[in-house]
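Shared between the two complexes below is subunit A, which pairs with subunit B and subunit C, respectively.
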Partner chain A sequence: MNSRNLLWRDLLVLFGLSGWALALPAHASEFAVSMALTCLMYVALSSSWGFFCGTSRYLSLATSAFFGIGAYTTAVMLGELSWFGVIALGAGLATLVAVVMGLAVLHLRGTYFAVLTFGMAELIRHAISYFEKSVSGTVGRVLATVPEMGTIYHTVLLLAVLAVALSIGLRRTRFGLALLGIGGDEQRAQTLGVNTRLVKVAGFAFTAAIAGGVGAAMAVRWTYIDPHTAFNPFIGFQTVLIALIGGAMTVWGPLIAAIVFSVLAETLRLQAPQIYMMTLGILLILCVLYLPGGLASLRWQTFKAWWQDSRSWWKARRYEWSGDKARDKRKARENRIVGL
Partner chain B sequence: MSASEHLLLRAQNVTVRFGGLTAVDAVSADIRHGELVGIMGPNGAGKTTFFNAISGVTSLSAGELAIEGRALAGAAPHRFAALGLARTFQTPRVFADLPVRENIRFGLKFAGRRPRKYWLWGEERGVPWALRNEDGILQLIGLAQLADVPAAAITPSQQRLLEIGMALATRPRLLLLDEVAAGLTEIEVEEMARLIRRLRDELDLSVVWIEHAVKVLLRHVERVIVLHQGRKIADGKPSEVVRNPDVIEAYLGDEMVDAHEGLT
Partner chain C sequence: MSFSAWLELLASGLITGGIYALVALGLNLQYGLMRILNIAHGEFLMVGAYLTWMVQTQFGLSPLWMIPLSFALLMLLGLAIHWLCFRRLTATSPNLDVFEARGLMVAFGLMFLIQNAVSAIWGGELRGYDYMTDPVAMGGAQFAANKLLVFFMALLFSLALMVLLRKTLLGKGVRALMQSPAGAQLVGINTRTLHPLMFGIGLGLSGLAGCLLSMAYTISPAMGEPYTVTALIVITLGGFGSMGGALAGGLLLGVIEAIGMHFTNPSLKALLSYVVFIGVLLFRPKGLFAK
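For the complex of A and B:
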């Protein structure tokens, strides 16, 4: 398939999936819808994360900060602006913070960048909680009037579709190519004419805008918001994990992983609450060990290879345990002695 | 036309310090249109640092840098690329995950982008025929058969050619080549030298070529700049430079004598 066919395939798959997600609330139970909402949230977060951080290999742990900024915007502004005004403001504020943060830290690479983004996320969290305590005189805010479930669902769906569609479309533009070049060899990309600073800040801002919008929309799921729930770093880690498990470089990896991960987490939590976290941890380790390219790298051949590997392993064990191996070895030794 | 109109790159008192170490010490050099200039010097003479400085990769500690009169000291490397300066790296730095063709396309999409004949379509204006698209460049550097192979899978000498191709894709006017012949066999070196001369002649390029192997360089360039311990100690025709006492001393004589014999 050439690149144009692939683009059409991706867009059609996205169209089908979003149509399916749109029809879901009419047919499914309330529980299923709320699970779908969590899925969509992680689809939006990890797709936008993967688009910038996956291709350019800048591992950002600041997603929770942008999510929290969005959520807090909702907490403060919900009564005063329209619903879409709140979402747009949350996304806009997160973008603004990302641009400032990006200009400050995007010249760092690797571990330094990851640690610094995490540090900045924590800084924002504590700054807001300090501000709330000393200036506003509260520790949290109660959301009195929240929009109904359908509105939230459609907003998050829209954001998720937007994130995936942009990550499909932008991948094929000069912007996507520039990010790929930055991921490959940043200095080389620079000497070939890429304004790396601009591209990185723009990519980071894109990630932040989606995260801020999602945060603003998801905030109304909680009726009470304080800085420590809104800026929960777990959301940032989970986003990174999902993107990495799915395959951060790919379009569909984060989406598949977000669905698998959310469903799995929810099922485990309900079926086996004692070993829920342990099981997830073990699955993560297995994923990293045996699927370094992420879920998106799974092909029919992968399963075939696993099947063949396990069969040849079993064959070897049978040979060993039946005593045939020892017999053959002994015979070989005897033959050698006779030969001498 | 005055001499300054032919001037492509002017470097004045370029100085690069790393902490207390002065790697390049007040080196001045002018590169004119269509020149093929070599830079040589013993190990640690500051050749590559000088190169990094004039391509924007390392920032200058002091000095002036201008391409066709436009001051560039302190600018980011993409500005250098946009003004027509392209470089290769000593160890090939290709995008290993991308196919060879995509590696070439990268330069065409960024520094090499030119306005089109009509608003969004038509061929790009002011581009040499050989550099019109990926295939033209691949043919020029002789990697047309490997277009769809990932860059990680080709041999190091092919990667070096690809490096040159990537630099050419930015449609440069000045090409900086950093030890492109290092580690090649004698035949490959000759081919490389022929390719470089051809690029200069056909594409209206100026070329600056750093090489550690003195003999190859002196045989092919028209002017040579000699660096030693960060300073410029000679600048002139190869036949003159090999007789320069400072150069002979810097190279402990023997290699220069060989090179001299090779030239005459």
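For the complex of A and C:
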């Protein structure tokens, strides 16, 4: 399959999936719709995260900040602007913050970047909760008039489709290739004439815009918003986990992982939240250790390789424990002495 | 402000700073030597605190006995974790950048796992016990005896670690590995024994810090995260990999927080430490004391 065929295949799959998601509310129960909504939220968040952070290998932990900025915009402006105005404003504000943040920190690589974005996200959270407490005199805000479930669902669906479609489309443009080049070897990309600073800031802003829009749309699901729910760092962590477990470099990995995780979350989280989080931790560790390319890199050969690995491990243990190894060693030593 | 009030303020800053330094030293050892940014470091501190609390309330044993015990237990746990996770990670990662990113992810997984395992076993509520709560007067100011003890212990163990690194052959090997991994291996320093050992000692130190903390403060499953963040701030202040820098940075951050909180407002504490953190990372990414 050449590149054009792949593009058509991806777009067709996306079209089919979005049609299916569009038809879902008419048939499914309220619980299933709410589960699908969470699922779509993580699809949008982790696809957009993977588009920038997966390809360029800049590990950003600031998603919760952008999500929170969007959510807080809704909390403050919902009465005054139209629904789409609120979402556009949320996405716009998040983009603005991302551009400023990106200009300040995108020259740092690796762990420095990850830690710094996490620090910035926490700084924004603490600053807003301090501002609310001391200037506005509230600890949170109540959302009185919220739009219908259908509107929210369609908005989040639109954002998710947008995120996946853009990440399919942009991947093939100069911009996407430049991001990939930065991930491979940033200095070489620079030497070949890529304006790395501009490309990185643009990619970071794209991630932030989607996260801000999703935050603005999802905020109305909580009727009460305070900085600690809106800027919950767990949303950011889970986005990163989903993208990594699914395979951050791919288009479909984050989507598959988002579906798996939402189902897991909704079934386990209410009954046994601690077990859910422990499962998450174990899955993450196992995935990093044994499947570094993510779920999307899972092939028939992977299972075969695991099977062979475990068999050769077991063979080596048996050789050791049965005493054969010690005997062979002794024999070799005796032969050496005889040879003298 | 009178002299004794200043003294009290400075001393309370130094007391929290001593704990910060001890936690940061363990993290710094792991990051400086192996490039493992152990986000779960605070969780191991919490495990140490819970172990001490459990032994103290169940068997009535003095928490002082738990200092060597929690160090040893956490060190064993560290060896096991290194053997299970990081050994394979080192073997499969193509280069150090990839190893660093993957190590960070494994540490995130460990953080979720341990924090929730502890809250599943012991529940989420605040816990604590009384130990040496009488105040002690010193130079016109009053301090709680347990906090003073915690401070001196933290300082003692931090200095002990630094002496170990500076004076012994083992420490020489560790410092050589920090300066140049390839060069150290060429002169015959074995990373296969030194890496797990130092990872274990790092976790042991965090267990020890948790044991000390439980003497003076209440404990909960969520207590670890703020300490991880503070330790990160401290090692950026002092410079990644620098032990003396981490000690000085820890004490400095404690004093900055105490003075800042006194003159502004206690709810600004977290905000203040993040401002210091981001300021240092942006303007002096090599640490405050780098030449």
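In this text, the second predicted complex is superposed on the first by the 296 of 340 C-alpha atoms of A that agree within 3 Å, B and C clash if a C-alpha of one lies under 4 Å from a C-alpha of the other, contacts with A are read in each partner's own complex, and residues count from 1 in each chain.
Convention: contacts are C-beta pairs under 8 Å (C-beta built on N, C-alpha and C of every residue); 3 or more make two chains touch, one makes a residue touch a chain.
Everything numeric in this text was worked out from a predicted model, so none of it was measured.
Contacts of A:184 after superposition on the shared chain: subunit B is touched, whereas subunit C is not.
In the superposed model, more residues of subunit A are touched by C than by the other of subunit B and subunit C.
Legend: residue contacts after superposition of the two complexes on their common chain; A:32 is shown touching neither subunit B nor subunit C. After overlaying the two complexes on the shared chain, residue contacts for A:103 are found with neither subunit B nor subunit C. By the touch criterion defined above, A:275 reaches subunit C but does not reach subunit B. By the document's definition of touching, of the two partners only subunit B reaches A:193; subunit C does not. Note: no residue of subunit A belongs to the subunit B contact set and to the subunit C contact set alike, using the contact criterion stated above. Against subunit C, the residues of subunit A that register as touching in their complex are 57, 59, 104-105, 108-112, 114-116, 119-120, 122-123, 126-127, 130, 133-134, 237, 241, 244, 273-275, 277-278, 280-285, 288-289, 292. The touching residues of subunit B, when paired with subunit A in their complex, are 55-57, 76-78, 80-82, 86-87, 89, 93-98, 105-107, 109-113, 166-167, 169-170. For subunit A in complex with subunit B, the residues that touch the partner chain are 174, 177-178, 180-181, 184-185, 187-197. Subunit C contributes residues 35, 37, 85, 88-89, 92, 97, 100-102, 104-106, 108-117, 119-120, 229, 232, 236, 265, 267-268, 270-271, 274-275, 277-278, 281-282, 285 to its touches with subunit A in the complex.
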